[in-house]
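Here it is, the structure in full.
Labels run A, B, C and D following the written order; every chain starts at residue 1.
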């Protein structure tokens, strides 16, 4: 990273504040997923209806959290997104540095665990580690598809200057992916780790976690290949667009989130 | 309040008209919550399905009421929001005055009660005080979280000049909070008081009201701390932005609502 | 109507084309309401779930029809809206003429009946007149509230230059009103007449129709009073705004629909 | 096709990349439809609830896929849309050529079959040809209505310069059409062919396919007549508008998708 930082770097929020936003956002995201899962399980008998309640709440909650925290940290809430952000921006120095990716990931994972504990406390459910095994072959393929689709969507929006739409689009994507992937679309290592700490409808047994995260990383690789095929020449252009109005990190995803503050 | 009012103050709607809008909007909001709760309870057997019907109707209704009345009064419909509006704008004279907060709150509470009575009349349900006790420990924590999230969202939008999105974003927030908080997210003292007057699915027993409102005020304090961490330097900036195009009150929330009239 | 027509009147679509759009739009709206009602009744056992399926389909369908036909005719699809359009614009000559209101209303009612017959044909349901009696006291109050809310929303959007939002806002309004009014919100004489011709979940017995339409007219009067209180000085302003970019009728509602074609 | 190509044609993505986008998008669309159908059938008992889960996931998924791939290929995902694109643009040379329509259609059909196989794999469901017969008289009428409505919507948006709204509008349209047409709105030959390869809730028996596709072509003809009545003079105008900012194909539908990248 010998290149000087881009001119607008001065306007990025300090790292501590960005890490707080990632911690808070990932925590609330997991609280939404787990909390609404507990409520659904307590109130409905039909398992499909429980999942519909769970996915509807998550669509709304995720869109709102991206609106709320995007201008501060880029609203990644997901180590795979932060990693993609570094990879795409690594040559122009416009993405997260690898050490920032590490810091972001830690904040996200701590937030994810905290969110599960918050949901357990709100619903007066004791904290137990999940016993819900999920790592079948079909579910693992589901995680590859779910993660790849998420990353392609984020970078397609960023590279075509439609970051304004990130909040509703990512929310809608998860609303579809809950249903069309057999794994109900975790697609996020921090959320996967957090959801270990809730022995409910929304939990995941520790023995399934490593397989899920491995498949999420495979999905990341698939996504980067697809993005490079679909939008081969958009990399530099996207970066140029980010610089003039950036408040935070100068990356594909940060652009998407930031653009939402320019109506 | 020794500072002169900002130049655009002349364009604000008269207080009486703004109070009418707050009365009407809070009343219709409670009519939506209670009315759809009664319909759901009459038509569905599964309690989770009842809540899904109730929350879906509220998402739509709240977003529409913010669109309909935001340009007149700022579409607070909530004493906690009005109080936050005063607190954030108190140094620049751009928020509601404390006496206006009192007037807003009274209009909101009277509207809330009226809305419950209207719903009872539409469904030919006699007016009875609710017997539904809700103030358990988990539910009280739920109200803190629900209120804090609402206030952080509103001020994050206002301070990043994305008030255009207030109507769908606040609607979506409530759609998530109905489910992920154990209390189904009252998050509003006027609505809490109104919902005492309906002995249905959507009611709340008087004995639970004080606890709920106390926790909503705690949530307000939590929210202000989080806003100041996430957006520490945006206060003055937001006020500057409000002045040129303000029709009503010059405050964080009013800005959010007003911006929606500038497509 | 001795005033000359406004300059932009030349750009309005010919009356015949507008009447075709009103016929088509009202017909498809009733086909959506009745068709999704039949499907829901055939597929689900829980009556609340049937209504949720019915209301969700209507939210989507109504929003889409306003997008599709608004630029041609203003997308009224409702004699009460056309009547309000005449009343508000009568002094400036910018609204529909009374004879146009009559022509619009006939096209809407014929379309409404046609839409019910189309739904009956698609679902291979014989055409029978409905036997579903709905005109209880609570339901009549529900129709007043439902219609008043619809009209206030449309004119609040038009008078604050946010017509861009008419399609999603009117769709969302109906999504709430299906649930919070006891009558499931007909709020439209043409739709009420059309729904006589389907002896299904979504039908209405002829004996209930006159009462429903009378209450819709009461709702119209309530709405006009509320609009004049909330936005007393916006009449002329709204008309000024309409003229420069009008393609069709120059009225509050037409503006709302038209603005959607200027992104 | 003796006219020179419009100036902006140079900016269109190469055909191979556009065909990859059509393959990928149609594949993921069928994966969403079939995958969410399998999940719904496995998790819910009520058939209406299954369809609600299926239609909700499709609304979200289709809107997201149009956002993701529209800038590359126009996001047709449907041979009928590609055919309409050729027909409308054939005189100005601004639409797809007939040979491109053929290539698009093949990519779409191959994608559709691939998507069904992907869904079957994710849910560990063996690949069987569907045994679900659907071609009754009412269902065939339903396909005419469903396809006509889809095409009218797309061209109404394109011809009134509101292509920005194509993703949510087309998603919402399908959300209504799942319910108000008796056929659950296939409205797409490539999707119809793909859905043969899943013997589940969402499948269609081969014997019903020819009838469905024939009715979709009838719907296309109906749609073109309606578009020419409603927007008779907009053809040339729409083309003029497309040229200056086109990245891909210069057609009505491509415009709709592309406009979404200009927030």
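Note that in this section a residue touches a chain if its C-beta (ideal position, glycine included) is under 8 Å from a C-beta of that chain, and two chains touch if they have at least 3 such contacts.
The chain list, named the UniProt way, goes like this: A, B, C, D = Aquaporin family protein.
Everything numeric in this text was worked out from a predicted model, so none of it was measured.
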Return the chains common to the contact lists of subunit A and subunit B. none
In terms of mean CA position, the chain most removed from subunit A is C
Counting residue numbers used by both copies over all numbers at the interface, does the subunit B-subunit C contact come out same (over half shared) or different (under half)? different
Distance between subunit A and subunit C based on Cα centroids, please, to the nearest Å. 41
Between subunit C and subunit D, centroid-to-centroid distance (C-alpha), Å: 29
Where does subunit A touch two or more other chains at once, residue-wise? 46, 49, 52, 56
Name the graph shape formed by the protein chains and their touching pairs; answer line, ring, star, complete or other. ring
When you check every pair of chains, which ones turn out to touch? A-B, A-D, B-C, C-D
Touching subunit C in the complex, subunit B uses residues 17, 20-21, 24, 28, 31-36, 39-40, 42-46, 49-50, 52-54, 56-58, 60-61, 63-64, 67-69, 71-72, 118-119, 121-124, 171, 260-263
Residue numbers on subunit B that touch subunit A, as the complex places them: 46-49, 51-52, 56, 59, 136-138, 141-142, 145, 149, 152-153, 156-157, 160-165, 169, 172-173, 175-176, 178-183, 226, 229-231, 259
